[in-house]
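Labels for the chains are A, B, C and D, by order of writing; each one numbers its residues from 1.
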Amino acid sequence: MSLCVIAAGGTFDKHYDEIAGKLVFRDSVLPGVIERSRITLPVRLEALPLLDSLDMVDADRQRIRDACANALETMIVIIHGTDTMQQTAEVLGRAALGKTIVLTGAMVPYEIAQSDALFNFGFATGVAQTLPPGVYVAMNGQVFGWDAVRKDRSRGVFERKSME
Amino acid sequence: MSLCVIAAGGTFDKHYDEIAGKLVFRDSVLPGVIERSRITLPVRLEALPLLDSLDMVDADRQRIRDACANALETMIVIIHGTDTMQQTAEVLGRAALGKTIVLTGAMVPYEIAQSDALFNFGFATGVAQTLPPGVYVAMNGQVFGWDAVRKDRSRGVFERKSME
Amino acid sequence: MSLCVIAAGGTFDKHYDEIAGKLVFRDSVLPGVIERSRITLPVRLEALPLLDSLDMVDADRQRIRDACANALETMIVIIHGTDTMQQTAEVLGRAALGKTIVLTGAMVPYEIAQSDALFNFGFATGVAQTLPPGVYVAMNGQVFGWDAVRKDRSRGVFERKSME
Amino acid sequence: MSLCVIAAGGTFDKHYDEIAGKLVFRDSVLPGVIERSRITLPVRLEALPLLDSLDMVDADRQRIRDACANALETMIVIIHGTDTMQQTAEVLGRAALGKTIVLTGAMVPYEIAQSDALFNFGFATGVAQTLPPGVYVAMNGQVFGWDAVRKDRSRGVFERKSME
């Protein structure tokens, strides 16, 4: 039994560039996060291009789908931007890969005070081991099915999408 | 659906006392940890006496068992010292309370650099929502049944206990 | 003997807004920074509008000059953005207020990992007590006279300005 | 002009050992602290044995005195335990080395939340450049002469010693 962690960018992994004075991507923080978590389960980290999820196009979501499809592991945690997390979840959900795939991210970058990143990574790592195959979004200490979640951007929280 | 978090002490919740120059208990860090985690699920925090788990006696474990028994919630996360976590898990396991009870803690206090506390809290919060009723230890990014876990103190990790 | 700290904004005091996804000003971090520093000297914090120093206009620098002129203290530390710190220093230098005024700031916000903010605040607080009256920029662990400093933006460091 | 930093131990440099469950010395945090401070002044770090200052004996203070005497730099910052900082300061003060020597330390280890270590290091680095030759204790945002300082252990602060 082993876990695949896919780094796909998002706020979780943003870094402050002190020359430019803004948040950018650089080396992923995930190797340090995984070490810090003291997981004794085998973990393989697959680093995809780190992207702001608002900048993601179809090809980026296909790349994530391919990474999931090709992974030998049946438990996958994806670190992803929150703004279009549900779109990527939908692509993965429709692909019906037969694995437990959990998308998570953060409202505040890992490197900034009061970040939720480490909590979310722990949460996702837990439910990836305990949920049946399927595609899930894990944010705000809750699990949502890929077709039943939306982000309320004005409040910055994920919530169950009311069925129409 | 709501979650009960029981604060029972342990390394997770130790605080550096700058006058005494050592790690002690003071107010629990858990209210801040829960806020930081941005959980939108209802959470009730029950603060028991904070103890080093090496100092726990039978009465302390009974108090934890009573808190679990009396909780209206069916999902419970207990923050506990790691050194006798399996003993408390055994008391709770034998009590057969019909709830999902997850014990976790930390190898490094929440307030110290590179702490695993927030990861462990996220992990436990996730599996408490997804595991069937029973008593579990969640440490090192893994879930262990209450009767199948031991701490290897020399390496500081939890592992599956080999059956005799 | 007492110290006046003037909060004028800059990277030091920027806060990550998790809804907007960017760095903004909110309540100043300085009350917490001063408490953390355990200064036993009397300190008065004067909070001016917090500004990105690239957005400062003449009126903003006059406001800072007035705050310095009106302060009863003769030792003043100003927390300021780095991009136009030397311009404000020049306004204060030409005003010849007869006080020891030290401008500092940060390359990385106080709330972000590996920030230099607390070091710089300590450095400035020290030299404000030991330098003769005058206006100084204290960055990169060095003291510069107000008329002899420039920021090398490409490298993100302050250096002595070569005299022409 | 360059700075010598002498690492001699104390709370500043204590590290949490997760196997032993207590604070111990390991590699000094000072290389990371110096890098974080973005000092552009040349800095040489001299690592002496890291000791709890309550464990220091005469030979330990002589070693620190020798390191100061042998340093080519005329500005020296010593990171030292707070409990016997004034004794070491006295040894250095009586040695009359003709250099500016500033002792500092921390009430809370650098690696623990709300530590004063980085502030104190910045403060000491500043006054080491601006004070005349002599031996000083720099704690609580104040400078004390080596023969006029005491630590009030019950309150955990340094204060001016009343002359008898």
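Just so it is clear, contacts are C-beta pairs under 8 Å (C-beta built on N, C-alpha and C of every residue); 3 or more make two chains touch, one makes a residue touch a chain.
Here is each chain with its UniProt name: A, B, C, D = Asparaginase.
Everything quoted here is computed from the prediction, not taken from an experiment.
Each step here moves to a touching chain, and the least such steps from subunit B to subunit C number 2. When each chain is reduced to the average of its Cα atoms, B sits farthest from subunit C.
Look at where the CA atoms of subunit A average out and do the same for subunit B: the two points lie 26 Å apart.
For this pair, subunit A with subunit D, the centres built from the Cα atoms lie 44 Å apart. Annotation: 39 Å between the Cα-based centres of subunit A and subunit C. Residue positions of subunit D touching 2 or more other chains: 107, 114. The list of touching chain pairs reads A-B, A-C, B-D, C-D.
Against subunit B, in their complex, subunit D makes its touches with residues 11, 16, 18-19, 21-23, 107-109, 111-114, 153-156. Touching subunit A in their complex are the following residues of subunit B: 3, 36-41, 43, 107, 114-116, 118-127, 129-131, 138, 140-143, 157-159.
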